[in-house]
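Take a look at the structure below.
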Amino acid sequence: MSSEYKTVEGALVGVLMGSASDWPTMKKTSEMLADLDIAHECNVISAHRAPRRLEAYCAGAEERGLRVLICAAGGAAHLGGVAAALTHLPVLACPMQGWSLDGLDSLLSMVQMPKGIPVATFAIGSAGAVNAALFAAAILAGTDEGVRDRLLEFRRKQSEAVHSLD
Amino acid sequence: MSSEYKTVEGALVGVLMGSASDWPTMKKTSEMLADLDIAHECNVISAHRAPRRLEAYCAGAEERGLRVLICAAGGAAHLGGVAAALTHLPVLACPMQGWSLDGLDSLLSMVQMPKGIPVATFAIGSAGAVNAALFAAAILAGTDEGVRDRLLEFRRKQSEAVHSLD
Amino acid sequence: MSSEYKTVEGALVGVLMGSASDWPTMKKTSEMLADLDIAHECNVISAHRAPRRLEAYCAGAEERGLRVLICAAGGAAHLGGVAAALTHLPVLACPMQGWSLDGLDSLLSMVQMPKGIPVATFAIGSAGAVNAALFAAAILAGTDEGVRDRLLEFRRKQSEAVHSLD
Amino acid sequence: MSSEYKTVEGALVGVLMGSASDWPTMKKTSEMLADLDIAHECNVISAHRAPRRLEAYCAGAEERGLRVLICAAGGAAHLGGVAAALTHLPVLACPMQGWSLDGLDSLLSMVQMPKGIPVATFAIGSAGAVNAALFAAAILAGTDEGVRDRLLEFRRKQSEAVHSLD
Amino acid sequence: MSSEYKTVEGALVGVLMGSASDWPTMKKTSEMLADLDIAHECNVISAHRAPRRLEAYCAGAEERGLRVLICAAGGAAHLGGVAAALTHLPVLACPMQGWSLDGLDSLLSMVQMPKGIPVATFAIGSAGAVNAALFAAAILAGTDEGVRDRLLEFRRKQSEAVHSLD
Amino acid sequence: MSSEYKTVEGALVGVLMGSASDWPTMKKTSEMLADLDIAHECNVISAHRAPRRLEAYCAGAEERGLRVLICAAGGAAHLGGVAAALTHLPVLACPMQGWSLDGLDSLLSMVQMPKGIPVATFAIGSAGAVNAALFAAAILAGTDEGVRDRLLEFRRKQSEAVHSLD
Amino acid sequence: MSSEYKTVEGALVGVLMGSASDWPTMKKTSEMLADLDIAHECNVISAHRAPRRLEAYCAGAEERGLRVLICAAGGAAHLGGVAAALTHLPVLACPMQGWSLDGLDSLLSMVQMPKGIPVATFAIGSAGAVNAALFAAAILAGTDEGVRDRLLEFRRKQSEAVHSLD
Amino acid sequence: MSSEYKTVEGALVGVLMGSASDWPTMKKTSEMLADLDIAHECNVISAHRAPRRLEAYCAGAEERGLRVLICAAGGAAHLGGVAAALTHLPVLACPMQGWSLDGLDSLLSMVQMPKGIPVATFAIGSAGAVNAALFAAAILAGTDEGVRDRLLEFRRKQSEAVHSLD
């Protein structure tokens, strides 16, 4: 079944999208992870249109070495919740702006998970896409000195940047 | 696996709930179906906490004779969408009022399904619970003269009722 | 009165729109039905501006062989509810994005039907337009082997599609 | 068909409700009209459950001497819009708080009428119920000296009332 | 003070706008009134920036022969409520889409008037602008045969229009 | 006209309410001002029901020594905006929770003031009522050493309070 | 630490932005202050990315002569609240339209401050940006005759402007 | 400064609340952590009323061995964002239902964090309170076999629970 999705040797983070149209946004997640030198893999697997492929992906995730899943979807955005039901790995969710309601539907479909199966939700759109990567780094930093150093360096630079208005 | 949920011989409609707390509302669905003499079965199967049980239920649904599924859930209400991903039977969804936001979260999590996997959504709370039963009857009425007659009789009586204010 | 709307011989599904401006969206409903080889007819009949024409259409719907109505409207979108009051056929509703509030008004005007007259509501905009067609197919598939086969084939292909990001 | 609803000889305002549960709120409309000595009649006629009774009521409204209709409904509140489609009399609408979403659904279902058929909408709940009566009076006051005097007297008293906090 | 706003001899309807930027929308009100041959006058008078001019306008409105006021504003849209506090004439309100929140702020600022001072509110944007004109006509039609005939003719044509999709 | 509202000799802050029902909430404003030893006066003056009394109050406000107005109202909450149109004193607004929509209507009616007439808005309900008093103190503190000292003392105590959970 | 942000000798108002992308909107604040001849300074200091710089800025604000802070931010807009926690000066907040939800998130993040630390909030976007400047002027006008005269002059001109529609 | 908040030897998770009124909800977080045998400490530290205490807490968090912070707050809920600005540890946020708007304000104030400083947000109210604890466990489980075993056991039991409706 591994042919049904792309795997990356040594990946710590798996980025999943409900639709290929999420990629322009989630590319920023991938770029932020790359900037922090965190191996990861990106796949489009719809919870609705390809439920069995998602099940297979989640079933093997921990064993393949993944530590965190990041799930992006729009509208009735079930991808994060369904993935979280299929693995105990931390699942981060990025609500996409979708086709109406400006992403409020995606946000509520992700964040309002009932008791028992948590999904950690971030901001609608690209702010959340970048922040999910930084949060995955924060998780890994707890036990990986290298990620910790790179994350602290990123934050130090971010704090020191001075924005001139002229 | 059949021991994991209750089946009713000859049931045409399967009513699923994400939580036992949905039952006081969904009892009205069951009562309306019973009034129209439509065999049905009711189960609590969470899409998040019991994904494999839901998969088993959906996998056998058509063969056991079910013609319609009615799914009730609150919050990030994925039950309808996940069931619809696992069967081609018509899936009706009843958003529950949940624990905050007055059911808006449940509604959007059900109705805003992306292209490809439809979920027919009804009103938040008990109005939707009753209407999902009536809609299941309307589906069955297309090819079942008895259900058609009982549905028309129900509607005729409903139309004729005169409400006095004194 | 048949001259007031277009009928298609053998049509199983009647698609109604409140305004001609809904057609670019609802064309996707028509295309999806055509892809599944389901005979259907499309008309613009406003519940507000042409209530008697709508009444005539609904009155003859079952006898002419229609099995499902799909109603699209925007704003205070009453078309689905009014049609459902005039026929016992299953009425599916597609909220259009309208002229403000991003379709939230259309959605609530359709989905929040009070107890007694159900309207099955789908997503705002084109996702719902496509899904209403697929749901009509799911209804028909219950007693029509041909539709069932074509629907299952559509779903199989949809599941197998692998989306590459490169 | 007149036996299907209650008529009041000489009534200028017809108050319609979608459900008998709207009466505790709409009683305030009736009381305000009575305070201004405006003859009126109150009926429960659901646009969805009793469409033909509503049609009969609206068809005879102008001839019977009604000058204004006031329509109250909750949820997908179509009563005002459907009545306005069936008569050219001014239709005022009172959104009821309904069973969820705090009346936002009723409000949007009434106020967001598409171009061509106006419905004058007032506040959710009892504030709107009272104000619809006052607005009906304002319409009648344009050509009825007596109503004008009583309305001005009501407003004068209202302006002069001084509210002490001790 | 009459030099501070434009008056039209014989005008029955006064159209007020909070800002000149409302004119492209409210021009449709003016055009609809003109189509129905109803004399009217249009002015920009902000309730906030020019409160005394608004007071002067409202104080003389009835005496000058105005029968209806139509008030358009965006954001915290107080124009309708303030005008209604200053005259007992029927005040119709048109919420403009404004600069954010898609007109929801304007709508709520108009429709949610507290008990005692009614404001009849119509749809956000141009649908409401046209409908306010039609509603003003419906008010006048109660005692003006000519307006009644023209309104009925407008509605008859509107009902008979058949919209082809080809 | 001074008999139409209550004045307090030496008052620096004028608290206005649209309705006597706002008093249980706005009493907290008065108590907070009293705690900071700031002279103030409280009146119920509806912008809609008593526009001329409001005008008189605002016209004399600065001369009588008032430095800040605090306006509380619910629903279509125009009091703050209308007062701000009638005086150049800083106007603070407290949205009341009202009779539906949980205060969202009041909030938007106050905060979304169009360009030119500012209204400083605080939180819905009692949090905003207290904070408006603290903000009035912050304004006065700029040029009144005594108020400044008492405000700093209040804040110091507030910061130092340690909340135990046992 | 003064090198980390720009100071203006004699500035009475400090304008802070969470992001340089807020400048096109907040430039209007600066222009309005300049029109009223009020010395001010503008800086981009994110509460999240540069918390210590913000702390330093607030710590020295009163001593440097600032009388008012104006804080603009989008999304989870904490800048106003964090600044208000660090100074007792009046803090005005301008919600930016941000990247989704049309500024509703920014508005609620600012206006809904809990009891104890007030933030005076203005309209979303440029209307609020201008009004925050006018409100700062209203605060200063209480004890600065020059600002008072210029503010009254601005308001007089604003009131007298007559907007022609031709 | 350690006397200003309670520390627990060996705690891996720090639970912070903006107000003591959050404790009835956040007690469920503490209980869930206790059930999974995860050492933790609970404190009330308002970001607004006690910013320096929060700074001290965050500054020492990593060194004291904390691996995760969980922050609960209502209204303009800045606690999570401010904590996340002061530490690179993973910050989880629980929006409280607060005093109005049913928690929507708290949710948006937490989840809509701008790019650069992530806050992982969970459901409004007690569902989120429990899930934040489970998510903290999922983070720790990545490198702690004991937590992993207990989490898997919890999830296994949760999946197997069968809910009878009789």
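Going by the order they are written in, the chains are A, B, C, D, E, F, G and H; count residues from 1 in each one.
Just so we're on the same page, a contact is a pair of C-beta atoms (placed from the backbone, for glycine too) under 8 Å apart; a residue touches a chain by one contact, two chains touch by 3 or more.
These figures come from a predicted structure and were not determined experimentally.
*Asks:* When you check each chain against chain D and chain F, which touch both of them?
*Replies:* Chains in contact with chain D as well as chain F: E.
*Asks:* Using CA atom averages as chain centres, what separation in Å is found between chain C and chain F?
*Replies:* 52
*Asks:* I'd like to verify one number: the distance from the centre of chain G to the centre of chain H, where each centre is the average of its C-alpha atoms, in whole angstrom.
*Replies:* About 33 Å, centre to centre.
*Asks:* Two-or-more-chain contact residues of chain E, please, as numbers and ranges.
*Replies:* In chain E, 19, 49, 51, 75-76, 100-102, 104, 111-114, 116-117, 119, 123-124, 126-127, 158 touch at least two other chains.
*Asks:* Identify every two-chain combination in which the chains touch.
*Replies:* According to the stated criterion, the contacting chain pairs are A-B, A-C, A-G, A-H, B-C, B-D, B-H, C-D, C-E, D-E, D-F, E-F, E-G, F-G, F-H, G-H.
*Asks:* Taking the complex as given, what residues does chain A use to touch chain H?
*Replies:* Of all residues in chain A, those touching chain H are 67, 88-90, 92, 107, 111-124, 126-128, 130-132, 134-135, 138-139, 141-143, 148, 151-152, 155, 158.
*Asks:* Quick check: in the complex, which residue numbers of chain E touch chain G?
*Replies:* Checking each residue of chain E against chain G gives 4-5, 19-20, 23, 42-44, 49-53, 75-76, 99-102.
*Asks:* Spell out the part of chain D that touches chain C in their complex, as residue ranges.
*Replies:* 18-19, 46-49, 51, 73-76, 78, 81-82, 84-86, 98, 100-101, 104-105, 108-114, 116-117, 119
*Asks:* Looking at the complex, which residues from chain G come into contact with chain E?
*Replies:* 97, 102-104, 123-127, 158-163, 165
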